[in-house]
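Multiple structures follow.
You will see two complexes here that share chain A, one where it goes with chain B and one where it goes with chain C.
Now for the complex of A and B:
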């Protein structure tokens, strides 16, 4: 059993919110607008239904195996072979998604602030900071998420307020954008955007049992969806849906529009500080998740010896896409379309196996 | 042979004998010490005198004491033999360290009563018959009837006697007695209670600790008259017999915290502990730059910390008290925050946080913005900076390092130079250096402003160790900004924050109550009204949490007398 420390509901909530919302800084709003047009902001709201359902399935599965994470629960319910196949699925998901976010963030930093710096320097330094944090442990990640979340929230509120004079509510029409069918379909499929919520099932013992995980997870999902929908709507209201589709980094573009008098005209650089912190935390959590899954698969008592190897794998995967466009396409058009199969469908299958085998929900003795 | 030697002496060159032939060599072989343990003064001829019982023979005792203290080489030890006044005079010997005892106490409370007022009859070598006919031991008789000293105790081993003598107590050996009387006769010159040197306040008490342990404890007891205030003495060290007092409030402080503090202190084994550097032996993360104990010279800070469920450690001869556990936020708080009204207190805390950010980030940000992100600077300001830097031959990093190091140099020299010249040198050095550097086009005037604000920011941080740690960490940010601009600063900040989240001080997370969040934490981060601070900090897990009821200002609930009329 891994020793991961304990943290409270406040830390858990912000940890999950940041893990789920980091993509807002990258191409997420653009994808939503491309799929839903002027109603792109509705897609995250529609996604809430499958995400909540999927999260309930994860918690139900964990309810059958108190004191165990989603990896041990899979092995316990479906046996070592199916359990390890499922764990490999989670592992691959976290490796690929961390690598893609790492690449996208590094490319964004290159575009935004360091155009002359070689990409490997940015990627390596970015990931090195994440590796240091992973070595310090999950408890540190949870506390760090609170430290980062509060300025992040402040920045989002600030952006929404400072850009308000650019709003044109007419851009939100037609209200149903590219049509209700498309909205519903993509809303369901794009629940993959919140696949990171499975992380709660991985660190359930640190959170404090399934009841606490469920309560905090639901809050985190609602907050993440609210922030996602709000940011997408603000982008649509500022640029209109056709124009917003053109931007790879719409939130960055949004901050470029902020002007406060003649003196403060290029305030976007200030936001980059917070964004980089959020990206670093995402990579830390992704690397931690991948390493912890692998350690659990090996029944190892400590994850730290696996960190360098896992870091190397993620770095290698991060350099596989040819350029930023390839990374964005891989992220938004493949991972974020099919990842629900791993994050929600696999736990459902394992839960069904557990129910068929006659496992009943248990409560941990106090 | 003699002829050959004579020829050699006449013809061959002979080196003149060196005037100073002293060479410091290892003398382990000469003295025959087998190990370090044998080398201590507690061993004589292979006998461990530390635990050896006192001899009833005065001559034997004298010889042992002389050997243990290497008399007469050690000229400070005073051994005074005298007769205790009685029908059958009794031989006695007082041993004390010159300079550590109060001679008036020794004279009037020890020698005078013993030598002039003794009145007893001996019927047994070890026992006496007092005037009322009862038979008691010599030591007890002297303690009960003759000695006028306040604190006395009996010891029966040489180790305990030596420990007493070296801290200024007097050992009284009596012929035929198997115990030695230890008399509290400490008395040396101390600094009087003065104003705090490093923690000045506008309001509140203006008294600080000095080097007298007893006076320091007295200052705390005076400020906090509470029967639950405990003071446990812990001894440590081998060559230097040091001790410290562990102070806590029995009804508030978590007992496991007290146990842990005592465990760490009592486990210290070393020959010398600098009185004010004790924290280096007990802190959780010795390699972290940030301080993990709060060191203060103010009794009022100690008292407020004790009431919050913390533990104070006061080392002997130290003019500082150490408070544990310390959190990041507690090190940024100052007494004035509480003495002033809450609005001013909150403002002061915000200013201090800004000062912290300036100290840490300002030089790094200047480098990052001027070298990497010129687009961030508004156009007018950009022209001003570019104009100022036009004639500067150095890259920004050299310019910044030059000024920062000069500033540190002036600061260090200002502290070391005695008397009033120190601050004067600081001002003159900074002014002249800055002005000359700008005039010589070595640094830009904007950089002078940056360095000055950074320096002022570091002075605004109340804890000296904390300010020092920021001054040191600042250089990491400068290097990171030089290499990777703003992005580099964020990377270092991320690692810095992660390390801070990882740190603990005596089991309490360093960033508590911000993260992990605890009940009522926000009320202490920003200074809420004093009547709203109803509980002690949650992070110290105190036994008693409630400090005051929900409505502490009872008068707000009652109608004024005048209105009834």
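Now for the complex of A and C:
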């Protein structure tokens, strides 16, 4: 059993919110607008239904195996073969999303502020910091997430307020955008955007049981979806869907619009500092998740010896796409379309196996 | 202890690492304040850049700058330098300019993008992509269409009140907030309009007043633009940029609006029509306006206009037939009464209000008619309201508002209230020996 430390519901919530919302800084709003047009902001809201359902399935599975994470629960319910296949699925998911976010973040920093710095230097300096954080442990990451998430949320609220003079509510019309069928379909498929919520099932013992995980998880999902929908709507209202779907980094583009008087202009540099920290924490959590899953698969008592190997794998995967566009396509058109199969469908299958095998929900004695 | 030392090491590395590649010293950069685009003679494009000379700005602009074709410069223009190159693309222009300018070109402080009228009428889409794609360009940069060439327009920058050319450009472009003779523009809004299904783009019209029209001579009719038929005296908003009757050192003028259909300029509004366009869009801030006195010929009443609230726009649609009813809500203060008629009295105030309301409605309807029939360009954001009548984006896009705008039935009603009359409560007659007998 891994020793991961303990943290409270407050830290858990912000940790999950940060893990789910980091993509807002990247291409998430653009993808929503491309899929839904003027109603792109509705897609995250529709996604709430499958995400809540999927998260309930994860918690129901964990309810059957108190004191165990989603990895051990899989092995316990479906046996070592199916359990390890499921764990490999989770492992691949975390490796690939961490690698892609790392690559996209590095590319974004290169576009936004450091055009002359070589990409490997940005990736390495970024990822080395993540490796250090993972060595410091999950508890440190959880506490760090509170320190980063609150300024991050404050920055988002500040952007929404400072840009309000540019809003044109008419850009949210036609109200149904590209049509109710497309909105519903993409809303369901794009629940993959919140696949990171499975992380809660991995660190359930640090959170303090399934009841606590369920409560904080639901709060984190609602907050993440609210922030995602709000930012997408603000981007549509500020530009219009035709222009907004052109941007590689819509949120960065939004901050470029902030102008208050002749003095307060070009403030995007202030936001980039916070975003870099958010990206760093995402990579830290991704690397931790991948390492912890692998350690659990090996029944190791400590994950730290595996960190360098896992970091190397993630770095290698990050450099696999030959250009920025390839990384974006892999992330938004493949991972964020099919990852629900791993994060929500696999736990459902394992839960069904557990129910068929006659496992019953158990309550851990205090 | 070891962990914190490692942490400190990484932190210090991350702080100094960027200096290896991306450090930019402010005094190593040449900051472009205005960018002018003309049609090239040997190549696709002629790019002109107005570059700030920070050393002279801090010294108050009194020193002469070198490298201006050997001409002596007027005081004030030494704070900037204009360079022009023939180039296939805007970015290639930077390379070419860096062949003879010592500092690296930066657009981080770009305030205005100037298109020549010729290039604007030919279409500007080939050049817009750069302004959207480059990270340095400010999306707040104003868009100006210059009568004549953009290069000439940039070279005419001779700020008198400012030593900082950047501040001069920014302040003149923001004159919209207190004159409404020009619209407030930005490259972001310009590009957004060219891409949207519901509105057309517009830019500020600019010109150079070569010798300043002799104020003593009568103004030829051709030098005013769409003069009102009901007045023998021209309104201040009817002059073309470059033809304002005036004297003074500043050559460049900003007056009116260039109207685009997609990326091509199709016509222009004079300053008066620009004010009305801003009222209809809900972007109108303030304007002093000379109105013909309803009580006396060749006399004017000057009003300080403000938009009391956003225009009320009611849209009804049946298929492709669109009816739009606009109600403008304006208020104003009396600034001048030349006729001595006591417009401060309630009964007279109502007469003046009715006359002004009718006058503004007439100009608004005429302006809309010009936009519908001559330019076929909705610059009033009516399409922005019409899109609300659709449920699906596909239906809205297929409705092709940019083409159907010219067939829409649009009426304008103006509600105007005179809320104040300045420091005067009533206007007394001037007493002369004859006036009592009269």
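Everything that follows uses one rule, which is that the second predicted complex is superposed on the first by the 366 of 366 C-alpha atoms of A that agree within 3 Å, B and C clash if a C-alpha of one lies under 4 Å from a C-alpha of the other, contacts with A are read in each partner's own complex, and residues count from 1 in each chain.
We take it that contacts are C-beta pairs under 8 Å (C-beta built on N, C-alpha and C of every residue); 3 or more make two chains touch, one makes a residue touch a chain.
Here the structure is a predicted model, which means the values were calculated and not measured.
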Query raised in the report: After lining up the shared chain so the two structures overlap, which partner does A:146 touch, if you call chain B first and chain C second: first, second, both or neither?
Result: first
Query raised in the report: Counting only touches as set out at the top, which of chain B and chain C does A:11 meet: first, second, both, neither?
Result: first
Query raised in the report: Does chain B (first) or chain C (second) touch A:137, or do both, or does neither?
Result: first
Query raised in the report: Which partner does A:46 contact after superposing on A: first (chain B), second (chain C), both, neither?
Result: neither
Report task. Scan A:129 for contacts with chain B and chain C and give back first, second, both or neither. Result -> both
Query raised in the report: When the two structures are overlaid on chain A, which partner does A:242 contact: first (chain B), second (chain C), both, or neither?
Result: second
Query raised in the report: After superposition on the shared chain, which partner residues are touched by A:266: those of chain B (first), chain C (second), both, or neither?
Result: both
Query raised in the report: In the superposed arrangement, which partner chain does A:113 touch: chain B (first), chain C (second), both, or neither?
Result: both
Query raised in the report: Can you pull the chain A residues that chain B and chain C both touch?
Result: 113-114, 117, 121, 125, 128-129, 132, 136, 262, 265-266
Query raised in the report: Which positions of chain B touch chain A when the two form their complex?
Result: 372-373, 375-376, 378, 380, 484-491, 493-495, 497-499, 501-502, 509, 511, 514-517
Report summary line: Per the touch rule above, chain A residues touching chain C in the complex are 37-39, 111-118, 121, 125, 128-129, 132, 135-136, 168, 170-171, 173-179, 239-243, 246, 253, 256-257, 259, 262, 265-266
Report summary line: Residue positions on chain A within touch of chain B in the complex are 7-8, 10-11, 109, 113-114, 117, 121-122, 125-126, 128-129, 132-133, 136-137, 139-140, 143-144, 146-148, 262-266, 269-270, 272-273, 276-277, 280-281
**Report entry** Touching residues (chain side chain C, partner chain A) in the complex
**Finding:** 3, 6-7, 10, 13-14, 17-18, 20-22, 108, 132, 135, 138-140, 167, 170, 188, 191-192, 195-198, 384-385, 387-388, 390-396
